[in-house]
Every structure is written in C-alpha cells, then in structure tokens.
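Letters A, B and C name the chains as they come in the text, with residue numbers starting at 1 for each one.
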Amino acid sequence: MQIELNKYNNSWYKPGKSKLTQLLWYVINAIVVNSYIIPISSFKVFLLRSFGAKIGKNVNIKPKVNIKYPWKLEIGDYTWIGEEVWIDNLEKVVIGKNCSLSQGSMILCGNHHHAKSTFDLIVRPVVLEDGAWIGAKSVVCPGVTLKTNALLTVHSVATKNLEANSIYQGNPAIKIKDRKIES
Amino acid sequence: MQIELNKYNNSWYKPGKSKLTQLLWYVINAIVVNSYIIPISSFKVFLLRSFGAKIGKNVNIKPKVNIKYPWKLEIGDYTWIGEEVWIDNLEKVVIGKNCSLSQGSMILCGNHHHAKSTFDLIVRPVVLEDGAWIGAKSVVCPGVTLKTNALLTVHSVATKNLEANSIYQGNPAIKIKDRKIES
Amino acid sequence: MQIELNKYNNSWYKPGKSKLTQLLWYVINAIVVNSYIIPISSFKVFLLRSFGAKIGKNVNIKPKVNIKYPWKLEIGDYTWIGEEVWIDNLEKVVIGKNCSLSQGSMILCGNHHHAKSTFDLIVRPVVLEDGAWIGAKSVVCPGVTLKTNALLTVHSVATKNLEANSIYQGNPAIKIKDRKIES
C-alpha cells in the first residue's frame, strides 16, 4: 500500500469554534501574540480569555508565543510561557500552577496514523501538572502527561508520560534522576 | 592549523539565478511565504512556480514556510508543507507525492568541510521519495535520501539515507521499527 | 515541597543597562535584527556596537538573529552568525575569531535551580573559542565553553565544556571523533 493524502479525511475533527472565530484568532495570534508588538503579558492573557482560554492569576506570557486554539487551553496561577513557545493544541492542553514552559519549547496534540494509507488524524490532549517544567526547545508529544514537578530538559522529547518529581533527558526522553524540591 | 574564514571562497557556487531574482525572492519569501499574511496555499504555490519551482497538484503549504531558492525545488502531488518548515535548499530538493513535512521541520543542503582551514562549502541535494514523512522539528541533513514511506520521528535528525517503509528516531536517527502501510 | 513562582525573586540580577536602553534595544532587535528587513550585516554590526557589543572586523550577521543584550556580547573577527540564531545572553557571551553559529542554533545563559521551590535564577556565561562551530539547530547550555575548533553537530546539545579540536553529537552531546584541521 502507499500513502494517499488525496483520501485524507479529517471532517470528524471539531475545532470547537466557527470558521469566523478561528480566522479572527489567527489574525490576533499573528499580530499580537506571536510577535514582539505588545510585550505586556496581561493584555495577551485578556485576549486569550476573550477567546475562551481559562487562565489563572499572574500568568506570564512572553513575546512570540504561538497558540492554535485558546478555547482548548487552560493555564494555572503563576505559570510562565516563554518566548517562542508553540502550543499546537488541536486538543485540550491543561497546564497547572507554577509551571514553566521555557523559550522555544513546543506542545504537540496532533499526529497521524503512520500505518494508514489515509494518514488518519489522531488528536490527544496534553497535561502539565503543577510545577512541571519543560526546558528550552523541548517537545511534548500528543497524549503525554507530565506529572507534578516533572522536568523535561533542554531540547528533549517527551514521547510518554513523565513521572512526578523526576528529570528526563534525550529523544525519546528517559529518566536521568529525581527532582527533590527544597525550600 | 586554524580556521581562517577570511580565506573562505564559495565563488564556484552557483545559486542558479541572477542577484536581482534572488533579491526579489528574498522579499517575497519574507513578506508572503515566511509569514502569516496570506494563508492561502494556492497563492504561495503560484508564487513558487513563478520562480521556477516544479509543484504538483493539491500541494498544501502552511504559513511561515521558509524556502531559500524555489528554482531548486520540486514537490509532488498532494504533499503537505507544515507551518514553520524551513527548506534551506542551496542544492536541489526533490519531494515526492504524498509526503508530509510536519511543523517546524528542516531540510539542509549546505555544510562545510570541518577539516579544512578554509571551511569549504559543501552542497548536496536532498530527496524525499513518495510517502516519506518528516516529523515536527526534525532535520534532514545534506545529501540524505528518504526512501519510499520512510518516517523520521519528531525532533530526530537524518544524517544518512533512511530505508523504505522504516521508522527512524534520535540524533543521529536510527531505525526503530518497520512502517507497514494498510488501507 | 512544591514550586512557588509567586515567591520567585530575581531582583539581584542586573541586566546592565537602564530600562529605557533595554526597551530601545527590544524595539531595534524586533524591527531590524530579528527580521528580514535590512539584510546588510554591517548595519546590524553598527547597531550592536552602538549598544555596547564588542565586535571584530568582517563579522557576518544573517537575517532573523535574536540577541538579548548587546552589551553582554563579544564577537571576534570573521565570525558568522547564521539565520535564526538566538543568543539569549542574560550573561556574557564571548565568541572568538573564525567561529560559525549555523542557522537556527541557540546559546543559553539562563537556567533555574530545579530543586528550589523558589525556582532561583542561575545565569552563566558562554564562551566559544576561536574556530568553534555550532551546527544548525544546536544548543549551547549556560556556563559551557567550546574550546578552540570544537564542533557541535546539527541539532546537538552541549551541556558541558567541549574539548578543543573535537566533534560532539547528541543530547547530551558526546565526543564522537577528533577534528584535525588541514590547509
């Protein structure tokens, strides 16, 4: 068999908002969120909330952040979203309190069935529990949960769930040591 | 010996078009292709063809795609070029039918001779045969061919040819399993 | 213990210039340096020097380069800074002569104490000695020195010092062979 993208069919997938709302967010994301133009986090939080995101208090959103669908996004109190972070949330992304998404990191929710000639779309949510930290240029794959305080190091790739209070490195990321938090 | 970039000489390299054409494409790439401004794939296909790219039917080009030289690019029918894909084609890049270049992936054609004090430029073509898929944030190195349906996983690096119907992971990417396609 | 970013305190950290200068550079970086708008290296070198960078002769700076603080940057003669390079220099970054930072590579100077509930900021300088080369999409971590002619391959991550005349690959990067330079 061969891949036949002309037979690809994702009509079952629901973005969750009208085409008009999607287009409006596309424009706002391009101009205000995924840019340097207004480096004021609270304004971006306001915009995201206006489009349905659930965002806690004192969340810090840096410049050039790329967010697919705000209405599929939850962010807890005090969490940081770094410069050039890309949240490609075709599905729900739930980020807890006191999390850090370092600069250039990426969260993926979409995949394709590699063994299907029709390349079927697969979407899976991603969860970052409280205190989780994903390092610069790291990637979290669809369906993955980072348990409390899990740490994905710089440029690593989380292909499956990361245990609580643990540090992971590499592609695919493997546990390299414990993360024990002290005052 | 030491590196002496003041003696670097790439005058033998031919970009293939006049300086003016290069500059014109630089501007169009910056404004229209590597941007959010016109999210209409067919318009970008039209521009690429106008600059010499050979592009099949129903090719889907997402926003923020960075293409060095369209006149050194071939793309087959139904292929997808994802958001923030970077095709740095100093040499010919030939992409087959039904391929996918996922978001943030990169194709490199240029390298330098690491053992030469003059850091000599090396350019090599890249080929993605029909049905090949390069994952999000993956990189294909100069001179590499992905055989039919080869799959390079998320954030992996293809440093040498990938066998047909095979899945590769890591940096450098190694084969982790077969890819058997069913209907 | 848990992470408490509301207790994060980086007031001890000194960016080194006034808020106004930081804002001015933010704007210039966004418009001129981290963009396609003026693809003339000498103009960008002039701007960087105006903001305190020490830059040697014949340095080549490509488009879309992101530099945090020019006043914490030194670049030696004949060095190349590739397209989409990101120098996130919260601390001093010293780049020698005849170095290459390939396209999409990144230098990090900031980290956080992963075991502290207050997520304490850690900043460390980065040094690239003469002839060092960091490959496309590679990352150099805070505090790391690349000794003379060290080479970090495509998409690899330098988490500790790299020996002179040596080639490193992977995440974390390990030495894979010697780099012996000939005329």
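The rule is simple: contacts are C-beta pairs under 8 Å (C-beta built on N, C-alpha and C of every residue); 3 or more make two chains touch, one makes a residue touch a chain.
Worth saying up front: this structure is predicted, and the values here are computed from it rather than measured.
Asks: Rotation angle, chain A onto chain B: superpose the C-alpha atoms of these two copies and give the value as a multiple of 5 degrees.
Replies: 120
Asks: Suppose you list every residue number at the chain B-chain C interface; are over half of them used by both chains (same) or under half (different)?
Replies: different
Asks: From the mean C-alpha coordinate of chain B to that of chain C, what's the distance rounded to whole Å?
Replies: That pair's centroid distance is 25 Å.
Asks: Give the residues of chain B that touch two or more other chains, as numbers and ranges in rising order.
Replies: Within chain B, the residues that touch at least two other chains are 155, 171.
Asks: Please name which positions on chain B make contact with chain C in the complex.
Replies: So the residues of chain B touching chain C come out as 1-6, 26, 29-30, 34, 86, 88, 106, 108, 112, 114-119, 139, 141, 155, 157, 159, 171-172.
Asks: Which residues, counting only chain C, touch chain B once they are in their complex?
Replies: 36-37, 39, 58, 63, 77-80, 84, 98-100, 103-104, 130-131, 133, 136-137, 148-149, 151, 154-156, 167, 169-171, 179-183
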